[in-house]
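The following blocks contain the structures, represented as C-alpha cells.
In what follows, subunit A forms one complex with subunit B and a second complex with subunit C.
After this line comes the complex of A and B, so read on.
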C-alpha cells in the first residue's frame, strides 16, 4: 500500500526526535500558561516560575492537573494568555449542564490545528480527489469547523451541510458523488435505515470512507457500518479543550488512532490516585496541548478511558496509538454494585444480526433492586412471521448480556423507527433510578 | 392447497393496531380473519385478507414489519361437532397444529378455520385425502 503523508518529517520522526519537539514546545507553552490568571496562581505553587523549571519531559509530572471545572471557574477569560485582538476564533460548549467552557485560538493556533486535521485526513488516504460531506454540526461545536478547514486545506471539495435532514444528505451524497463523510456512528446507522425509503441505492453512491467520532462506539459497530456501506470507517478522537478533532486519528491500517505527539503530550493515569500508568494499561487520558498559545491547557483530564500503545505501525508513523475510547469515567453505570459501561451492552447488541442498530438502556428500581432494561429494534427484513422467532431473539440477547455483564436484563423488542434517533451525540442511557 | 397469511410484528403501543387496520382499509383490503398472539411488550398480528400481495406491499410501504406465512384454510359446517370431527382427522393424520383461529360466514352457514401446521404440504395432502374441504386463495378472495 502506498502511504501518503501530509508532513512526512514529523510523521515519521523517531521517538527521540518526537520527544525533543515535545520538550521544546512544552517549555514554550508553559511560558504562555504563566500569562494566564489561572496558571499564574497555580504553577508557582508547584515550583514552576518559568520554562527554565522544565528541564526534561519528566518535569511535566510537577504540573497539576487541569479539570473541566477549572475551565468553568475561569469562564470567560481566566485561561486566556493573549489579548482579544490576537484571538481569531472562539469555541464554546453549550453550557446545558452549567457554566459553559470556552476555547480561544490565535491565527497560529488555528493554523497548527488545521494542519493536524489535514494530516489526519491524508493518513486515511484522503486527497484533493475527494468530495467531503461534513455531517457534523457547525457553530460553537468544534467538530464541524475543525474537519471543514482541514479538508479544505487538503484540497477536498467540501460540502458544509452540517447535521440532520437525512433526505437531503442522501440526495447530496448521490448528486455530488460524495466519497468521504464526517459523521457520528449512530447517525450513519440511521442513514442506512433511511436509504431504502429514499429510493437511492448504495450502488448509486460513491462512498469510500467515513470519519467517525464524537461518541463512544464499539469495534462491532464499526464493522457493522463497514459491511452495511462497503466503506472504510476511521476512528477520530478530539475534544474542544484540545482544539477539537485531529488529536488522534486512524491511518489506513485502522489499528488504533495515532495520537499526534508533536501536538499533544498524552498520559494515562489512574483516575482514583492520579498516578501515571505505563503503556498498555487502561486509565484516564490526560492531554497537554503543545501548540495552542491563546489558551494553553496543561495536563487536562479528559475523563475518557483508554490506553496507549507503542510500536511502529505499518504506515511508518511512530506516534503512539490510542486505543478505542472504552467509556468515560463519568458514564460508568453501577447496577446492583456491578460496574457496567454502555459500550459493553452495545458490543452484544451489534453481534446479533436480528436486531437493528439503534438501542437504549433504561435503569429503573424495583424496591431496592436496580433493573436494567435494554430496548432494541427488530431488523425488519429478518422477521419470519413467527412469534416464536421473536421469543428466541429476546432470549438470546438476554443470555449474551448476562454472560457479558453478569446482570440479568429485561429486553424489549420494538418496531424499527420507534426508538429516538440522534443526529448529534446519541443519548443511550436513561437512568430513572433517582425518580423512584 | 395452502393460502397466505400476513403476520405483522407490533409493539405494545396505544393505537398501533388501529393504524394497521386503517392502512389496510385505505388500500381497500378486506380482512377475512384475524388473531393476535401477544407477549409482554409486543404482539404478532395474524390475518387472512382478500389480497395478500397488495396487503404486504402496503404494510411494508407504511413501515410495518410484516411477512407472509403459509397456512391452510378449511371449511367446516357451522354446527355442533363439526370442528371436533375435523380435529379427529388432523389427529389421525399425525399432524401438528402450531396455532389455529376461525371465523363464521353468516350468509352460507359455514365456518372457516385457519390452521398453521409444522408441515404445510403434508397437512394439505392428508386433509384433502380425508374429504375435508380445503379452501384456496381464490375462494378467500371471493367470500
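After this line comes the complex of A and C, so read on.
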C-alpha cells in the first residue's frame, strides 16, 4: 500500500525526535500559560515560575491537572493568554449543564489545528480527489468547522451541509458522488435505514470512507457500518478543550488512532489516584496541548477511558496509538454495585442481527434494586412473522448481556422507528433512579 | 396455501391505526384479522386480498412484517367439529403453534387458521377430508 503523508518529517520522526519537539513546545506553552490568571495562580505553587523550571519531559508531572471545572470557573477569560485582538476564533460548549466552557484560538493556533486535521485526513488516504460531505454540526461545536477547514486544506471539495435533514443528505451524496463523510456512528446507521425510503441504492453512491467520531462506539458498530455501506470507517478522536477533531485519528490500517504527539502530550492516569500508568494500561486520558498559545491547557483530564500503545505501525508513523475510547469516567453506570459502561451493552446488541442498530438503556428502581432495561428495535428485514422468533431474540439478548455484564436485564423489543433518532450525539442512557 | 400477513407493532395508541391507514390508502381489503398481545408489543395477523402488495408496502414503510403460509380449514358450524379437527391433529402429532378461528355467516361455516411448523402429510389431509373438512387454497380464502 502506498502511504501518503501530509508532513512526512514529523509523521515519521523517531521517538527521540518526537520527544525533543515535545519538550521544546511544552516549555514554550508553559510560558504562555503563565500569562493566564488561572495558571499564574497555580503553577508557582507547584514550583514552576517559568519554562526554565521544565528541564525534561518528566517535569510535566509537577504540573497540576486541569479539570473541566477549572474551565468553567475561569469563564470567560481566566485561561486566555492573549488579548482579544490576537484571537481569531472562539468555540464554546453548549453549557447545558450550567456554565459553558470557552476555547480561544489565535491565527497561528488555527493554522496548527488545521494542519493536524489535514494530516489526519491524508493518513486515511484522503486527497484533493475526494468529495467531502461534512454532516457534523457547524457553529460553536468544534467538530464541524475543524474537519471543514482541514478538508479544504487538503484540497477536497467540501459540502458544508452540517447535521440532519437525512433526505437531503442522501440526495447530495448521490448528486455530487460524495466519497468521504464526517458523521456520528449513530447517524450513519440511521442514514442506512433511510436509503431504501429515499429510493437511492448504494450502487448509485460513490462512498469510500467515513470519519466517525463525537460519540463512543464499539468495534462491532464500526464493522457493521463498514459492511452495510462497503466503506472504510476511521475512528477520530478530539475534544474542544484540545481544539476539536484531529487529536488522534486512524491511518489506513485502522488499527488504533495515532495520537499526534508533536501536538499533544498524552498520559494515562488512574482516575482515583492521579498516578501515571504505563502504556497498555486502561485509565483516564490526560492531554496537554502543545501548540495553542491563545489558551494553553496543561494536563487536561478528558474523563475518557482508554489506553496508549507503542510499536511502529505499518504506516511508518511512530506516534503512539490511542485505543478505542472505552467509556467516560462519568458515563460509567453503577448498577447494583456493578460498574457497567454503555459500550459493553452496545457490543452485545451489535452482535445480534435480528435487532436494529438503535438502542436505549433505561435505569429504574424496584424497591432498593436497580433495574436495567434495554430497549431495542426489531430489524425489519429479518422478521419471520413468528412469535417464537420474538421470544428467542429477547432471550438471546438477555443471556448475552448477563454473560457480559453480570446483570439480569429486561429487554423490550419495539417496532422499527420507535426509538428516538439523534442527529448529533446520541443519548443512550436514561437514568430515572433518582426520580423513584 | 393461503398467506397470512404478520405485522409487529408496539402496544400503544395509534400503532394499529398506522397499519390500517396504509392498507386503506392502498385499497387493500382486510378479510380477517387477529392480534396477539405480547405485553410491550403485539403481533397483528391478517388475511388481505393482495397479500404480496400489502407486505411490500408495509415493509417499505419500515414495518417489521412477514408473509407466512398457513393451513386454513373450513369446518361445518356444528358442535364437536373443532374437537374433531384438533383430535386429528393430535392423532398425527401435529403441533399447532398458533391458531385463530372465525365464522362465515351466510353458509354457516367455521374457518380455522393454523400456523404449523411442517406442512401436513398426505394422510392427515385425507383424514381431514374424510371428516367433512375442506382445506382452503389461497384463491379460496380470497373469494370468501
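Criterion: the second predicted complex is superposed on the first by the 436 of 436 C-alpha atoms of A that agree within 3 Å, B and C clash if a C-alpha of one lies under 4 Å from a C-alpha of the other, contacts with A are read in each partner's own complex, and residues count from 1 in each chain.
One rule holds in what follows: contacts are C-beta pairs under 8 Å (C-beta built on N, C-alpha and C of every residue); 3 or more make two chains touch, one makes a residue touch a chain.
Note that the coordinates shown come from a computational prediction; the quantities given were computed from them, not determined experimentally.
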So, after the overlay on subunit A, do subunit B and subunit C clash or fit? They clash
Subunit A contact check, subunit B vs subunit C, more residues touched by chain C
- In the superposed arrangement, which partner chain does A:1 touch: subunit B (first), subunit C (second), both, or neither? neither
Identify the partner contact of A:387: answer first if only subunit B is touched, second if only subunit C is, both if each is, neither if none is. both
Using the superposition on chain A described above, determine whether A:403 touches subunit B (first), subunit C (second), both, or neither.
neither
Overlap of subunit B and subunit C contacts on subunit A, residues 378, 380, 383-387, 390, 412-418
The answer for subunit C against subunit A in the complex is residues 4-6, 8-10, 15, 36, 38, 40-41, 43, 59-60, 62-68, 97-98, 115
Within their complex, subunit A touches subunit B through residues 378, 380, 383-387, 390-391, 412-418
The residues of subunit B that touch subunit A in their complex are 5, 7, 9-11, 13, 37, 39, 41-44, 60, 63-69
Subunit A contacts subunit C in the complex at 193, 196-197, 378-381, 383-388, 390, 412-418
